[in-house]
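Common to both upcoming complexes is subunit A, partnered first by subunit B, then by subunit C.
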Partner chain A sequence: MKRLDWLSRCGLICLMVLVAAAVAGWFGLAGDPAAIDGDRLRPPGAAAWLGTDDLGRSLLPRLLEGIGATLLLSSLAVLVTAVVSTALGIVAGYVGGAVNEAVLRLVEVLYAFPSIVLAILVAAVVGPGRPAAMAAIVLVTIPLMTRLVRAAAATVASRDYITSAVVSGVGMPTMLVRHVLPNVGGTIAVQGTYALSIGILVEGGLSFLGLGVQPPQASLGVLIAQGGIYMVAAPWLVIAPGVVLVLAILSINVLGDGLRDRLEPREARSLT
Partner chain B sequence: MNQLTPAEPVVVARDLVVDYLAAHGPVRALDGVDLAVDAGETVGVVGESGSGKSTLGAALGRLLPSRAERRHGSMHVAGHSVFDLAPQPLRQLRRDQLGFVFQDPIGALDPTMRVGAQVRRALRGRQPSPRRSTRDAVAALLDQVRLRDPARVARAYPHQLSGGMAQRVALAMAMAVQPRVLVADEPTAALDSQVRDEVLDTILALTRAAGTTVLWLSHDLNAVARRCARVVVMYGGRVVEDGPAHAVLARPAHPYTHALASSAPSHARPGERLTPIPGRPPLLAGPAPGCAFAERCRFVVDRCATERPPLARVNGQAVLCHRAEELRSTAALPLPARPTDIPAEIGGGR
Partner chain C sequence: MRLFTWWLRRALSGAGTLVGVSILIFIAVRAMPGGFAETILGPFATEEQRAELAERYGLDQSVLVQYWNWFTAALSGDFGTSMVSQQPVGAELASRFPVTAQLTVMAILAAAFIGVPLGVLAAVRAGGPGAGGRGAVVGRLAGGLGVSLPEFVLGSIVVYLFSRYALGLSVGGYVPLGDDPVGNLRAMLLPAAVLSVFAISATARTTRDAVLNVLVEPYVTAAVARGETPWAVIRQHILRNAAPPVLVLLTTVSAYLLGGAIIVEYLFNLPGVGSYVVHAVGRRDYAVVQAGVLLAAALFIVLNVVVDLVVGLIDPRLGVTTAGRRT
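Our next item is the complex of A and B:
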């Protein structure tokens, strides 16, 4: 097994730092995110490392809370996506025929909407809040992941070892779980990471528009939206969450690339 | 040994027609295949790529890809019409009566599962002897295919095996339940030449011991004729010649078989040029109007292009050629080299 290359390892470390920060914020190590210190829009300094916002709340604990909210929300949503997409994709790819067509058409309908439009639609139906953000992430990431898992499963389905298993009388459920699923596991892991970065982006966008996480709860999108108002007077309010958002997405994508290289090896094995 | 015997043949194809549905229209893969194979026979099915031999093998277990469609005709295996079976009996038929060995040995094993686990799954529901544990049964199976260190192989993943070892494992899995019919689709094409003979020996010895009927699909007429009692030559989706191996090789009755034999390097003397077959194999969109080989045939006459040749019997062979009788009597199809180096008794007949 190849190890991850240095870039993906940087991504992994960066992601772990973000998760650790979120956990630290959860335990209140950086202070109470809702506490008002007094001074409003104070620049970063010894008292408040990242400055304070328009209500005089220290930005650092708010940022940590935001990282936690965004990561947790996106991860949960991607988990749901992974389960649904894997089930749909494996069945469609292996069974083929009408089932395949039905799944593909269904997914294409979702795919036809621009993701932010779809997300706004969901928020309009469900009502703004965390559930809306999660549902939007799920609906935006399902089409991509289903299609890729389906393609991988269809390739696996035409392999000789599947034919061998059919000949030896393996039934459909066993076939899907024991033979197809493990062989598309790499694709699922890789697409899961990409879906996670898309999820973070969607959450950011929705919350920025005021349709996702609602203040006073923090998320990266909420912080950027609130900080954006004081872009000139207090740029640190938008720069800190913005940088974190970029870092999170970048590190996840880089990690995904590394996983792809490792889990989806080319079919270049020696035959003899 | 001959084509039809009173005992019911274990594999019977009757006028089997299979099309592949491509984007630009159907492509005919099997154009009316007639074939009957008796229990325990070892039959070499020879043809170029695209002759339909792999499709025939897949049709045996109704394992055709979804874009393939049977147009008409039937395929009976062990008395069951495979295209008319309900899912459950079909599954049973495949599990109990059929074994497949494929060309790419590594691809025939699940890369995510240890070899031992895969062999165990191939054994499922079947225990060679109730006394032994499954682990012993797996080891015995791997030992049977002459793998040197069965315990180590059982712990390995497929990508850790060499091609020859993987093909032996695939064979062990195919033969785990002692099927009645084994379809070997170019089982040695991807192997080193020195491993090739060993693997073939193993396949034939195992199947002979189990009384399994073997359909060995290959493009190598000479290799097949050396080891099989009977050779079936396919061209353009039809069986164009069918007969005892030594007869087919020594006195080919179909111009295509003759051309195939003449183009084989083993028949040339040093310094002599090989005789290639001019042209390309046909790509049929529907039934061939006449003989599929007409375009490339040296002996072509007008009706070859317009009239499908009927089955003719020449010597011991069944031939699809309008001029079979005529060609035999004029000795127009001699082989350039020594065809008699194949002793008649070698082969799979028991």
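Our next item is the complex of A and C:
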């Protein structure tokens, strides 16, 4: 078993620091995110480490709240994606035939939408807000993950141990859960990691367009959109959440690369 | 011939996907919580208003007939009228489309002419001395940073820098390409640059992987042994064989760019399709949203089919090994 390389470990550590920061913010260690302390658009300094926003709220607790909201929203959505994609992908890949064809068609349709376009459609139908952002992340991440899990399951289905299990009379549900699922676990973990970074991107983009999380609720996308209005007078309002967002996506991607190198056999990789 | 039937199958499956997409869009808008009529008219509409709306949108007909009317009209370029401005949506889309297309094309050109050489360079270097050393890590981080830098973050910073300091280019001031080509390019350069960062990094990454896969092939060693110049080896052996995955990636990237263009247009206040659709969502102008989303998906599907044709021409083996390439 190879250990993660140092770059991926840096990513993992960075991600854990962000989660810890969000938890600290949640317990109010950095102060109340909604508290107004008077001065508007104050530059970063001793009183407010990251400065204050247009309403005189300190940015640091807002930023921590935003990190928490973005990470929680994206992780929940990716969890839903993982469950749906795994179920669809395993069944399609193992059973094959008409089921496989139906799943592939469905996924192909979802895949035809550029992600932000699909997210906008979801926001138009559900109405802007947190549920729209979550639903958008789920729908955007399902196609790729389902495809790759399906491909991995199809490879597993042709292995000798599956044949021998069939011969020993193992039933379909047991087969899928006991034999196929564990063998596509690596693919699920890797794609789930990548899906998380796509989720953060989608939430950010949608909220930036004013169609995702709605202020006064905070999320990284909301903070960047709101800060953008005062960009020239108070650049720190965009720079801080922007840096955190990029750091989160970068560390998740690096972690995903490391996981992929460790968990997925080289021939199973696709170039997507 | 075999190639042609293979490609025809791809084109037909693309058409099938387009129908699926249109059904999904249609159902999504009709299935809105509260119902279509309620959402448009609000809760306090009179019976006459309801009847008028039902007549105008054909709501009294069966769902299948409604869908058929909408889809066939859309195919002929009639996307209905905007529920807010009462203007035909098709004409508005047509007048805004050149802006979005120009942005996307500029970014794709940047990806092809900057991303591909960078990727080749990275791959050729990776085989030489110092492979896997500090340079490789820096390259990996830079490439990773490029694909992790969303347009709305990068764009906001670019807008700030260029509006705060005099850097030669100004933000905004869009003029159509036909009126003033120089002014148009000056206005489009920054948005296109912001949009292309992701495309360039993603293309460089994929090109690098594809070239690395080709470099180990015996025919490359043979070409080098025959004494062919490095440029000839790269052009005739490496690029041609590394092209299919890069071309396929370019379709994925262009889909991404169509989405990214929405954000860039919104940020730089360009009169493209993206900003039209985003503002339409805020105004609950569903005819516009439907049309814009359908247009984006249709473009992506067409692009996919075209690239499949090109890839088939470059690599005739695909026609023989049949489908399954993209599964």
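The rule is short, and it goes like this: the second predicted complex is superposed on the first by the 264 of 272 C-alpha atoms of A that agree within 3 Å, B and C clash if a C-alpha of one lies under 4 Å from a C-alpha of the other, contacts with A are read in each partner's own complex, and residues count from 1 in each chain.
Everything below uses one rule, namely that a residue touches a chain if its C-beta (ideal position, glycine included) is under 8 Å from a C-beta of that chain, and two chains touch if they have at least 3 such contacts.
Worth saying up front: this structure is predicted, and the values here are computed from it rather than measured.
Trainee: On subunit A, which partner's contacts cover more residues, subunit B's or subunit C's?
Mentor: C
Trainee: Just checking: does A:G210 make contact with subunit B only, subunit C only, both, or neither of them? Give me first, second, both or neither.
Mentor: Second partner only.
Trainee: With the two structures laid over each other on chain A, which partner does A:S158 touch: subunit B (first), subunit C (second), both, or neither?
Mentor: The first partner, subunit B, only.
Trainee: State whether A:G171 touches subunit B only (first), subunit C only (second), both chains, or neither.
Mentor: Touch partner of A:G171: subunit B, not subunit C.
Trainee: Based on the superposed arrangement, let me know which partner A:Q191 touches: subunit B (first), subunit C (second), both, or neither?
Mentor: Neither partner.
Trainee: State whether A:L245 touches subunit B only (first), subunit C only (second), both chains, or neither.
Mentor: A:L245: touches subunit C, not subunit B.
Trainee: Once the shared chain is lined up, is A:T70 touching subunit B (first), subunit C (second), both, or neither of them?
Mentor: In the superposed model, A:T70 contacts neither subunit B nor subunit C.
Trainee: Based on the superposed arrangement, let me know which partner A:N183 touches: subunit B (first), subunit C (second), both, or neither?
Mentor: Only subunit B is touched by A:N183; subunit C is not.
Trainee: Just subunit B (first), just subunit C (second), both, or neither: which does A:R105 touch?
Mentor: Only subunit C is touched by A:R105; subunit B is not.
Trainee: Could you pull out which residues of subunit A sit against subunit B in one structure and against subunit C in the other?
Mentor: 271-272
Trainee: Quick check: in the complex, which residue numbers of subunit B touch subunit A?
Mentor: Contacts found on subunit B: 61, 63, 65-66, 91-92, 94-96, 98-100, 102, 104-113, 121-122, 124-125, 159, 162-164, 170, 173-174, 176-177, 190-192, 195.
Trainee: Quick one: in the complex, what on subunit A touches subunit B?
Mentor: 96-97, 158-161, 163-171, 178-179, 182-183, 185, 269-272
Trainee: Can you list the subunit C residues touching subunit A in their complex?
Mentor: It comes out as residues 13, 16-18, 20-21, 24-25, 28-29, 31-33, 137, 140-141, 144-145, 147-153, 156-157, 159-160, 163-164, 206, 209-210, 245, 248-249, 252, 255-256, 258-260, 262-263, 266-267, 277-278, 280-282, 284, 286, 289, 292-293, 296-297, 300-301, 327.
Trainee: If you look only at subunit A, which of its residues touch subunit C in the complex?
Mentor: 7, 104-106, 108-110, 112-118, 120-126, 128, 147, 150-151, 197, 201, 204-205, 208-211, 221, 224-225, 227-228, 231-232, 235, 238-239, 242, 245-246, 249-250, 253-254, 257, 271-272
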